[in-house]
Amino acid sequence: MSVTEMFGYIQGFLDVDQEIREDIRKVVQTLEQTAREILTVLQSVHQPSGFKEIPSKCVRSRDLFCKVRAQIADLKTKFPSEQYYRFHEHWRFVLQRLVFLAAFVVYLETEALVTREDVAKILGIEVVREKGFHMDIEDYLAGVLIMASELSRLAVNSVTAGDYDRPLRISNFINELDSGFRLLNLKNDSLRKRYDGLKYDVKKIEEVVYDLSIRGLAKEAESVGSK
Amino acid sequence: ADTSRDVSVKSSSPVLAAFKVFQQELDTRHDKYERLVKLSRDVTIESKRSIFLLHRVTSVPNTEEILKEADLKLDGVRHKIGQIAEELMGEDIYQFHRAYTPGIQEYVEAVSFLHYIRHRRLISLEEINARLVFCSQGAADALSPGSQVLTFHVTPSDYLLGVADLTGELMRMCISSVGNGDIDTPFQLSQFLRQIHDGFSYIGNTGPYEVSKKLHTLRQSLAKVEDACYTLRVRGSEIPKHMLADVFSSRTTLIDPEEGVV
Amino acid sequence: MSVTEMFGYIQGFLDVDQEIREDIRKVVQTLEQTAREILTVLQSVHQPSGFKEIPSKCVRSRDLFCKVRAQIADLKTKFPSEQYYRFHEHWRFVLQRLVFLAAFVVYLETEALVTREDVAKILGIEVVREKGFHMDIEDYLAGVLIMASELSRLAVNSVTAGDYDRPLRISNFINELDSGFRLLNLKNDSLRKRYDGLKYDVKKIEEVVYDLSIRGLAKEAESVGSK
Amino acid sequence: MSVTEMFGYIQGFLDVDQEIREDIRKVVQTLEQTAREILTVLQSVHQPSGFKEIPSKCVRSRDLFCKVRAQIADLKTKFPSEQYYRFHEHWRFVLQRLVFLAAFVVYLETEALVTREDVAKILGIEVVREKGFHMDIEDYLAGVLIMASELSRLAVNSVTAGDYDRPLRISNFINELDSGFRLLNLKNDSLRKRYDGLKYDVKKIEEVVYDLSIRGLAKEAESVGSK
Amino acid sequence: MSVTEMFGYIQGFLDVDQEIREDIRKVVQTLEQTAREILTVLQSVHQPSGFKEIPSKCVRSRDLFCKVRAQIADLKTKFPSEQYYRFHEHWRFVLQRLVFLAAFVVYLETEALVTREDVAKILGIEVVREKGFHMDIEDYLAGVLIMASELSRLAVNSVTAGDYDRPLRISNFINELDSGFRLLNLKNDSLRKRYDGLKYDVKKIEEVVYDLSIRGLAKEAESVGSK
Amino acid sequence: MSVTEMFGYIQGFLDVDQEIREDIRKVVQTLEQTAREILTVLQSVHQPSGFKEIPSKCVRSRDLFCKVRAQIADLKTKFPSEQYYRFHEHWRFVLQRLVFLAAFVVYLETEALVTREDVAKILGIEVVREKGFHMDIEDYLAGVLIMASELSRLAVNSVTAGDYDRPLRISNFINELDSGFRLLNLKNDSLRKRYDGLKYDVKKIEEVVYDLSIRGLAKEAESVGSK
Amino acid sequence: ADTSRDVSVKSSSPVLAAFKVFQQELDTRHDKYERLVKLSRDVTIESKRSIFLLHRVTSVPNTEEILKEADLKLDGVRHKIGQIAEELMGEDIYQFHRAYTPGIQEYVEAVSFLHYIRHRRLISLEEINARLVFCSQGAADALSPGSQVLTFHVTPSDYLLGVADLTGELMRMCISSVGNGDIDTPFQLSQFLRQIHDGFSYIGNTGPYEVSKKLHTLRQSLAKVEDACYTLRVRGSEIPKHMLADVFSSRTTLIDPEEGVV
Amino acid sequence: MSVTEMFGYIQGFLDVDQEIREDIRKVVQTLEQTAREILTVLQSVHQPSGFKEIPSKCVRSRDLFCKVRAQIADLKTKFPSEQYYRFHEHWRFVLQRLVFLAAFVVYLETEALVTREDVAKILGIEVVREKGFHMDIEDYLAGVLIMASELSRLAVNSVTAGDYDRPLRISNFINELDSGFRLLNLKNDSLRKRYDGLKYDVKKIEEVVYDLSIRGLAKEAESVGSK
């Protein structure tokens, strides 16, 4: 095989790789678009008027997650499933945002932490790597931490909207989350940094609960906390 | 002999003739760029001063006076932008965009701040551009009725970047309002800022790169404003009912938390 | 003059410069030490028990300012007076702290804003640049803003100490200061940032006044607030 | 000695250094794990229900410090004791966390500041450098400052839990700490930065005391403050 | 217009912008491919055997420039012609390469500097900005400088191929070019940097001419050099 | 599953990942050691005396590649083969060095470009990703480019050693390589950058050939070039 | 009631009166700073153009003409520096130093380049300052013999930073000289650059921070010049003795390597 | 012990530390001054005229090293010798420079690599850490690498000065050094980076030897190389 033939042959490989990346980029762009749409829907829960509409906003988001599943299904067709980590960087960012959005919807619906299994179901992907396009564990954790920060904002705005119970429930939830993370021996730099941010969220929410409690607006606090 | 080689290049050489043309073309371009940078600096400084002036509205009784003064100041700025437009007449504006974009962004910030204070809403790109129509100076001399009209177009990116900075000023205004015992404004501002924040979230990373950088500051400003409203609400929750009428009659928004704010 | 001579000549300049800076640094360290001492004296006004002792604390501080004047007098001898701004960065920080301390003492004594002239006198320096080591206007303003923040803390602690009138007086004072600052066109520098902080001080004090007024603890609050 | 021999010889030195660092890293990892466990135990004091259990939590923590001492004993064996500062960076971070935890336990037990001697005893290390693996003074101070920030959080949560006296006691303690730090002429950058954070903690706690006092929930405040 | 409408409106602009850029990128890729093909054709002139084939290589390149013109014609349709500089960065790099290739072909054919007008014609674009997609002057100059560097390589390889006259002619040509560039006031940008490179090209060629002249391999060298 | 259980479960995953990485790092270190040994063997070809010993040096290198194969075989056992790209960064650097060494040996033996298949055989890995630990195409290209730069050095040193033919052969080889690379549409940043370096190697070698040719030391040049 | 609190601040308040004075003082200061920035930009651009002009000396027969033209251009720059001096009259120059230091450094670069070309030595700080003596404009009107004299002092730091940049231009000049067949200049330049390099090494890190940053570029320039001299030397080693007289009579430096250069 | 007493006590420690550092800084400044003086002396060897004066320059440098020894002797008195690594950063930079200068002098005198023992003697310090202020191995290596880069400059300037033999000897020396470094398994980042620079020095010097050899100016090259 001459050098020219060899390089022609190699160019074939490179072309395939570049096409795959181009295809992935395009699908990821549509995913980002949908993620932004869901975000816009969910951000309205911070409006004073938005609190009553939480259920309907969740429903709307759930609808949009159908679109997400279709787009991820499309994404999966763009590359051999066992090369997940080869192209991981392309969708990593948007997937973390989607985990956040899914976790936020689930929290608003049930006030519980979405499991990795549930997120996988909502996004239409696998839990276990061996089965195909899956939920990377660090991305799952990153998404959950983004939600924690959103919840501290929600606690503040709940009070503004006159809902004095929600902050107490958020406080308990975030504390539980914090304990969970403390079990982990994080090495990953960006995740570690995000986790440091959680401490501020915990503190912020505690201060909200404090403000309510000193004014006698949170009589339930103790009963909730001590159960 | 040192310079002998070069003498062979005759000064009648067509290459040299061409490069003399290039020289002029490049110098003209750079000179124009430089003049635009200077105009932009002027626009920036005067716009900033207008913003400082506008912040005084939260502390004086006569708002309208300040608004008028600010408008007058901004007329001066617009005159400078007119000079920019003059420089750009017949040019591809994107060729010199980097020279004057800082000034224009600051102007958008100032003019949208003024607009918000007066109308409590976001000025549109069209409204901004509508006031950037000038008579070309050359034509103005002739005073002819058909004198040449110059228009300056703020680009959507510059508009966005100016509005992103506006949110910082709105946050400052919000905190000042609370300090001055004004309770309506913070809630209004938090609504407005939230809308702008949601707008920027919607645009996300499809906008210019600088926007993503400013998004973080925008989020912080929003958080400060939301915190201020939160504080107003919790402390308002303590107000004894019997004191409402006589003491803080104007603070209607706080009368009854159950009625909801907005 | 040969290249070597030229560089030797320049090296001479640089050596002198280094020595001057070294000398300045040493005096500035002693100034910082004295500033910390004055601060320690004045910090006690925040204690519940400290309110009665304000006059005596002011006297003690005034004594310490003698030391400051001596140290600044020493500082002046370290460099040519017309090169103030060449070495400005060295003492800028401590001078702002000293302005704050002087302004705080004067406020505690008279409840009025110290003038630039008075600060200059207390520190033993000039008002006008032309006359020698002087009170830079931005440093004066920065010091005043540090005091504003200290006053918001004082307003809070006054209430704890049972002094319900002081916050109202502080409120009026700070409002006047705020009006003054609104007249200025600041650059995007550290002074601007500090001035942004003033808004929070004003807000905090307003909250204290509000707390007092809704509890009927401060009848004057009403009259001040509604006039 | 030929160049080759010389470099072979040098490689020997480098290998030893590498191995030491590898060994240290491993022990430090186990220390971090134990530190996280102690933190988890102590975190529960912020819960409304946790206040009653403070003594038992302190006991549990004390138990875990046995493990810490064993691990540090192991660490000491990994390098010649006089080369402490050569490898300091490896354990600096975790040691500051451990000082914080020890100081927090001691505060919860006695409401007093742990001395450097006590910390050294709790961690099973020396006070004086000459005697071996010791308690670096800046690390001690850093740990104490971390605790100060934890105490401001505790003051807030005490109120939520209905304990209105604790914030006043914390306030006095923190004020004393602040005075102590004001005696220091800090140069070290990261320590100085942490110390600047202390001012916020002081202010935060004062505001908590204010909130209690204006609501008549802290009658003791004055009596405590004037003693 | 509401805030939401306003942002929707702006989003419209941004979307159009994105699409235009995507379209431009695709055409630019095809241009880069063609540029690489022309380069491959012209590279062979550096081979000892390639010197005889220069005319035929030029013909082949001229053919490929037809393709370039078609592709640029396509590029022009992708955006409003008066917004050339908005998207300039996208094609700047490839356009400079194409100027280089055109200038190189023209030099090989006529040993003269291609004029801006000729380059424009070869690429199928305008000279004057007002008329549409045009030849930016700095890109033209950059392309010419790339050619200069290629010519210094050609001078070296001419000698290897036994052609001792060409270096002298190249020398005269490059000297003329250098004189031209000296007339310009450049900014501290990439063009300035490239122009600095020209000095090395001139130097290299001068060295080749010197090598030939001291060996008596180029009698013309003398006459040129000494006149 | 409680949050605690869930996080405990997640920690399991994270632990496995960290152990794998630790294992890989260790094997990679031994590979780096062997790579340095091979390099030391091959470096001697640049010595004047080394030219005669090229065959024996190649034999010695081939022996050392046995060790490489054993180490890579070990590396393969450290992680599931389909997760190649997850851990790619760990061995990427050393693998490119090994490709360079293999390509250099093959060039010294045969003066031909090693194929990807041959490199894979020498390193004991697969060509096709599907079959297991394989030769990533970009790493192969990077290794080849490192060799090109080594060859430009060899051309220079050949002349010093009095071998005037080798530079001509290297020049032809490098030109062929350059043509090959010109067929590629490279996107990858670091590879593109390395490729830009190839131009300098080409030029350097041409200048060596020029130096020989102008001194009549390379009469064969033309005959070689025209075949 | 929103603004009621603030009305209590009477406009007759001494605080407000004081701040009105501060306002004027700050604005005056900022305006002056801004004017100096603009003057500095002008100085920079014209100095750069003088440098470009001076590079033409290696390619034209009549050096003196270009030197005169450059001097004329620099007269214009000095006029601008005179305006800077005017602005700084009675001020603490270090207060505004940051505004105009880039321009002054570029001027030092240009004027020391001109000086080197003419005299083949380094201009001293005194020589530079000696040409920065102006008549105050006000006084110039009166044409009085005792009119006020303004002097501008380049600081040692600005001088050093300008000289550091000069080395880049000298390197360019060296390479050009080789390209133009001039063989004396490169060896002269390498000597001169080495002296400057040694001078900077001697100053080391006791100088201003920016110098240390420029030191790396200076080293690279020196290496390029030393390489050029090296090349001249090795290629000169091949010259056949019999060709010397008739072919390159001017290239005396290369005649006999054993005689040493310079 | 009260908090105040404790902090007073701690301040004592901090003061001692700061004084030590201040003292060290001052001595290090004088060392830097002397190092610059030696550098100025040695840099003259690059002058064409300087080559004859190498012996006298070495003598002058040796004299200045007396001053260095005195200054280092002074430095040693500033802190307890077993705390070397606590203050290492203060003198690290200047010590590497001094190693370079010592290595350079020794090379100029003997054309051999200075050993760590010799450097230690020249600087008046210990080889073994246990004995006191010693020659850290990484600092020794860093200094040697700085010298390598200086030697590549010397090779160039030797030719300019008409000394055609020296480059060949430098080339052999640098090659030996390169082999030595290849034995090392460097982890240290800054050292690794410096070592990468050595490759360029090797290449640069090889090109000088090439230039001499192709012009027949280096007939000894082969004989030297093959011994």
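Things to note:
For reference, chains read A, B, C, D, E, F, G and H in written order, and residue numbers begin at 1 within each chain.
Keep in mind that, in the parts below, contacts are C-beta pairs under 8 Å (C-beta built on N, C-alpha and C of every residue); 3 or more make two chains touch, one makes a residue touch a chain.
In this text the structure is predicted, and so the values were computed from the model without any measurement.
For E-F, the equivalent interface within A-F, D-H or A-D is the one where over half of the contact pairs agree by residue number, namely A-D. Note: Cα superposition of chain C onto chain H, rotation of 175 degrees, nearest 5. Set side by side, D-H and A-D show the greater C-beta contact count at D-H. Mean C-alpha positions place chain B and chain E at a centre distance of 41 Å. For the pair chain D and chain E, the distance between mean C-alpha positions equals 65 Å. Averaged C-alpha coordinates put the centre of chain B at 34 Å from the centre of chain C. Chain F has residues 179, 185 in contact with two or more other chains. Residue positions 1, 4-7, 9, 30, 59, 180-181, 198, 202, 238 of chain G each touch two or more of the other chains. Note for the complex: chain B touches chain G at residues 1-7, 9, 30, 34, 37-38, 41, 45, 58-61, 177, 180-185, 248-251.
For chain B in complex with chain A, the touching residues are 190-191, 194, 197-198, 201-202, 204-205, 223, 226-227, 229-230, 233-234, 237-238, 257-258, 260-262. Within the complex formed with chain F, the residues of chain H that make contact are 175, 178-179, 182-183, 185, 203, 206-207, 209-210, 213-214, 218, 221-222, 225-226. Remark: chain D residues 1, 3-4, 6-8, 10-11, 13-15, 18, 82-86, 88, 113, 115-116, 129, 137, 141, 176-177, 179-181, 183-187 touch chain H in the complex.
The touching residues of chain G, counted against chain E in their complex, run 48-49, 52, 55-56, 59, 172, 175-176, 178-181, 228, 231, 235, 238-240, 243, 247.
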